[in-house]
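In the two complexes that follow, subunit A is the common piece, with subunit B as its partner first and subunit C second.
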Partner chain A sequence: MAKRTEFELFTKLSIGQYMPTDSVMHRLDPRIKLVLCILLICAAVGVGSVISTLFLLVVVIIGLFLSRVQVRLAFAALRPVAIFLVILALIQVFAVPGLGTSDDALWQWRFLRVTNRSITAGVLLVLRFAVIVLGLSLFSFCTTTTELTHGIEHSLRPLQRIGFPAHELALTVNIAVRFVPILMGEAEWLMKAQASRGADFGYGTRRGFFRRVKRLFPLFIPLFSQSLKHAYSLSEAMEARCYMGGKGRTYLIRLHAKSGDYIALSAGMLIISIAVMVYLFHMDERLWSMWKALLKGGLQ
Partner chain B sequence: MAEQEKSFIRFDRVWFSYRPDGGDRIFALQDVNLQIAHGEYVAVVGANGSGKSTLLRQINALLTPTEGDVYVNGLNTKRREHLLDIRSAVGMVFQEPETQIIASVVEEDVAFGPENLGVPDTELGGRVKWALESTGLSEMRNMPTSTLSAGQKQLLAVSSTLAMMPGCILFDEATAMIDPASKRRFIQTVDTLRARGITIVYATHSMEEAARADRVIVLSEGKIILDGNTERVFAQEERLNTLKLDLPVAMRLAKNIHTFSHSFPENVLTAEALVEALDARLGGEIRAHHTHRRAGEPEKRAVYWETPILEAKNLFHRYLSGTALEVKSLHDVSLTVGANEIVGIIGPTGSGKSTLLHHLNGLLRPSEGDVFFEGVSLKSGQIHIGEVRTKVGLLFQNPEKQLFEQFSGDDVAFGPRNKNLEKEQVRERVRMAMEMVGLPFSFKDRKTSELSLGEKRRLALAGILAMEPRVLVLDEPTASLDPYGRRQLINILKQWNTGGRAIVVASHSMEDIAELADRTYVIYGGRLIAEGLTRDVFSHYDLLVTHGLCLPVAAEILRLLSARGYAISESLLSVEEATEEIRRLINGQENRV
Partner chain C sequence: MKVTNVRKIVIAGVMGALCIVLSVTPLGFFPMPTGVSLTTMHIPVILGAVLEGPVVGTVVGCIFGVFSLLRAAIAPQGPADVWFVNPLVSVLPRLFIGIAAWLVYRAVRKIHEIPALITAGIVGSLTNTVLVLGVLGLLRKLPWAGILGIAAVNGLPEAGLSAVVTCVIVASWKKIETRRKGSSI
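For the complex of A and B:
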């Protein structure tokens, strides 16, 4: 495999990348995807039940299969953070005080203590994280940034009547997203220009972390002034095309939800409410005790 | 007033300053009076910093006069209530492909203007379709704008402007950043707009492009120096030269021919017109034997150096290797650079030129293959990659991206300081480097942001030269320079290239390559498709044209003559050579008569 040079680091982000596989998921109304994605994340954060979260994870993975994007790619987004995740989970399991008393400790050594609750917390942390990252990947795989901004704008447009700048917000998001790769490319060019004149960006070695960070400082000023220049030219181009804000604008694209979209929305809401219900009514604990009872019964 | 309505655009004693409140006001426009009628095709030329862009921006009210008034359709640009009417009547296409595209999908970008104007939803689709058809981009309607090439982006900018149905379109050096094939297509598109009766105001550094207009306005230091019929303006050669401008190549050739064939017209502006005039002069008398031009590829002339200074062997490069977005950008490319040689690299946008250049000083590492500097492999570890980067100096296309210090002197010193040289040595190097590029040492205290583009480019070059490199690698060194700045830079490069040094230059300008390069490599789709002596490469017209390139103007004129059956010898590139060849033709004919 090719060695990457020290400048390619800016372009290798794969998270948030659109994958044009044109699946059922791609054809959904972006508003519905947006709403479901937000609900999914809220549920994953708010629901403190292993079974619910596991259920959500399975649903997200099914979603990934439906999107016909290689599931491997979604998991690739998890890889760089895996080590931190494991460390955090271990801290949860061993060292967070207050998760159970010493009475119900399964194992204890000085301040390290493992309880049922701490194990649950650790597992939950990993699962939650997986649901959120995979859910966001799924969303970005099958929604273009344009669809996203249309989604935002259309969902918020009713609020325009009370003075909420829905159009401006959507346009800002769109431009921001469009400029990220341009600015990253710019940073890469600047680094290359400086390296061409003997600046040392570490030459691919791991030594001298602080020196490398220090070397990044001369990048910021030109990068900043370049960004301002871009912003200026873009605003000129917009003005030249009669942009005066959202007032009185018409729209080429209007979103129309179809029956399939409503079905998807209902199905999504149903799945998320099931997950929430399971948590609210402590169904996992009931299932757990049923399981234990069953085991006991089996042993006897 | 009735008088105002006669002209579409009218400047009435316009003065403009970017800092109207400052104590020492510098006027970017000085007492400009100008009238442009409906349907005119006006070229605006002038050296870098002469006020072309400022002039254009007055017309669509992006800027308004500090003193005096500008009227469009009789509406004063200073009145805010006229803004929409003025800007929908006068559209503008800018220089930078990247920052004039607003939406992320082609059709939405085209619709942006009409949406702002409140064109009813039901009409928008039709407008978009029509505007894209006008520039030949219909098939790209649903593509993400980021996937377009620079040339396509410029055409998109024309479509997006056209969708507002303006009566006039302003072009601000719109072809400066695009490759020859895109340029040709762009110019053709402008011609169709003109045929539809759209008024065109076209600022450019290219005298070839300016010569296509009906009228030329010459600016210098914010003042209109010449304004008139294109032929009459270009008749004033000396005046133009003092204004750092030049004549179109066809006209230079016509003037040369006039010196020995007095009946030949001097005022021929374009290559096509010159060929017509020559054909008329020669009367087809010597069309006897049809010459055949070489078909296929130029033969590879193996060049053997004891040790080439720089050598790339079978380079392969993949961007983002191992990810879903892997892009193969170089495929089995080899290149040799010997001492005292200037090597040219040509190819359309996205062909891999820049990627190749970045391999030459180790900014990028090949996926396969290797680069050798003075015979030492960059992979071997026998030479520090940082050392290579200072020995092989790379000059990027946009000087703005490589000037990172506030003061000129500090910027040139960036390289030597990285080498941890003594203060005095650094100073000496800076002085020498600045001298080499023709900037006085006192320039060191100037702010880089206040330099003109030509000065910035020379300063950037000084920054590279201060590291005392052995090889210079240049990416589009003359892009958007005025004719004088370009000439100066070419002379500096030729002077520098002595004593065992070497230059690699990639360019969209065939004139640059013809003038500078001894040997030339043609690269297309990441593959090397031809290499050889520059003359040989340019004698393969079909090969170049099918790969999005073209000939230098003088060579193109000879090719057109040859295509008409005249016996023309191949591989002549410069105006001088072309003159001699035509003299031979004309004398031959006279001898017969």
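For the complex of A and C:
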């Protein structure tokens, strides 16, 4: 017997909510938020030092406070993942064989081995996830989807001169974002409709492969053909209204960066480059050895 | 020329939305008795390529890739998701699904529509499997022997699944005559 929640697809989509608090972060130019968010994620993925990742995390949390959204909400996104993250980090610390040899082991028991490098890898994993998740939620808390698509289009517009279809790409992203809730509702509606006709979607039963695949058809065929129908009628509607692509198009909303926006952009770039520099020039190790020397000196 | 352009933009957007819907709902995961689940998320990419050409396929593949990166970062569901936070693993291989599926579809279509759809589904799915696992192998996240195992256990049924689903959906959309008729329910 299927549980009711099996059909409630909307509850699974929790990320990407907009919080209208009209703070400093909300009034920033969306282009700048977009660029900084992408740079932040790249930096968090690429940087392999604990101190710079911690630095980025602190900056993101400061940003959350600046956005005047309840910080609790941002951390709520981390909660369902937390146990999983801890397990992954423990695997990194104890059981990844590639990290370190038996020589530099701090602690060893059979195949379990803890080294400096494995502890760093585990801590980094947790911090990196926190930075990316909190950064993305900060971005989605203070940027509407309209601002997002305007931001994409306007930041790609310089490329339009060399023939890159910036407007078309932004429109595609916009359509995709708008269609997600529509198609989600459609899928939920179809699942309920077919279940009420006695369809069993065959989760967990052991049958032949193709027979099980065939059970997907009552769901997949209407879902796909409905969305294709939506697509064709949308494109017909656009053509009927004389949509001609991006060439010579004027905009209702024009983005103008103010001086505050430039300050925010340079501050963000500076912060991210500091984090990258710290990693590239191994400044965290130097800081660590300085700290140890200081402690030694203090003890003597 | 303009007329087809609007339709291409819209189809790319809607197929991208379908990729996202499949990946956040249980519809995108087809559970197998072996315990692993097969993905159906690349099927919109193949459909976009087959219906509207390689550019649409690449754009939908890009949306699929970026969203799988975001999903792996935000809501990881297995240890493999840690690897998918790298754009080289999650975005780059997905750009080629559409191109490969479209090339094969165009080549075989001269013979007959149905085999063309089946081979497009198989080739598109195998492109995904081979390239993603290949990048993982090149980055030395997995030993090559393990990769072969995953490709056999996961990749081959996935190719079969995507071939059947692609063929059935496009055939029903284009109203191509097959001998079967009516719903199974």
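Keep this in mind: the second predicted complex is superposed on the first by the 266 of 300 C-alpha atoms of A that agree within 3 Å, B and C clash if a C-alpha of one lies under 4 Å from a C-alpha of the other, contacts with A are read in each partner's own complex, and residues count from 1 in each chain.
As a convention for this text, a contact is a pair of C-beta atoms (placed from the backbone, for glycine too) under 8 Å apart; a residue touches a chain by one contact, two chains touch by 3 or more.
Fair warning: this is a prediction, and the values are worked out from it, not measured in the lab.
Touch criterion met: A:P218 reaches subunit B and subunit C at once. Contact with subunit B, but none with subunit C, is seen for A:I253 once the two complexes are overlaid on the shared chain. By the touch criterion defined above, A:M184 reaches subunit C but does not reach subunit B.
Of the two partner chains placed by superposition, subunit B and subunit C are both touched by A:N174. In the superposed model, A:A240 makes contact with subunit B only, not with subunit C. With both structures placed on the common chain, the touch criterion links A:M269 to neither subunit B nor subunit C. By the document's definition of touching, of the two partners only subunit C reaches A:F129; subunit B does not.
Using the contact criterion defined above for the overlaid structures, shared-chain residue A:S196 touches subunit B, although it does not reach subunit C. Using the contact criterion defined above for the overlaid structures, shared-chain residue A:L156 touches neither subunit B nor subunit C, since it reaches no partner.
In the superposition on chain A, the residues of subunit A touched by subunit B in one structure and by subunit C in the other are 12, 174-175, 177-178, 182, 194, 197-199, 203, 218-219, 221, 230, 234, 238-239, 243-244. For subunit B in complex with subunit A, the touching residues are 57, 60, 62, 83-84, 87-88, 91-92, 94, 96, 98-105, 107-108, 111-121, 124-125, 128, 144-146, 157, 160-161, 164, 317-325, 358, 361-368, 384-386, 389-390, 393-394, 396, 400-404, 414-415, 418-419, 463-464, 467.
Residues 6, 9, 12-13, 15, 41, 45, 77, 80-81, 84-85, 88, 91, 125, 128-129, 132-133, 136, 168-169, 171-180, 182-184, 187, 194, 197-199, 203-204, 206, 209-210, 212-221, 223-225, 227-228, 230-232, 234-235, 238-239, 243-245 of subunit A are the ones touching subunit C in the complex.
Taken in their complex, subunit A has these residues touching subunit B: 1-5, 7-8, 11-12, 14, 17, 19, 70, 73, 144-146, 174-175, 177-178, 181-182, 186, 189-190, 192-200, 203, 218-219, 221-222, 226, 229-230, 233-234, 236-244, 248-254. If you check the complex, the residues on subunit C that touch subunit A are 2-3, 5-7, 9-18, 20-21, 24-27, 30-31, 33, 40, 44, 47, 51, 59, 63, 70, 73-76, 79, 82, 85-87, 157, 160-161, 164-165, 168-169, 172-173, 183-185.
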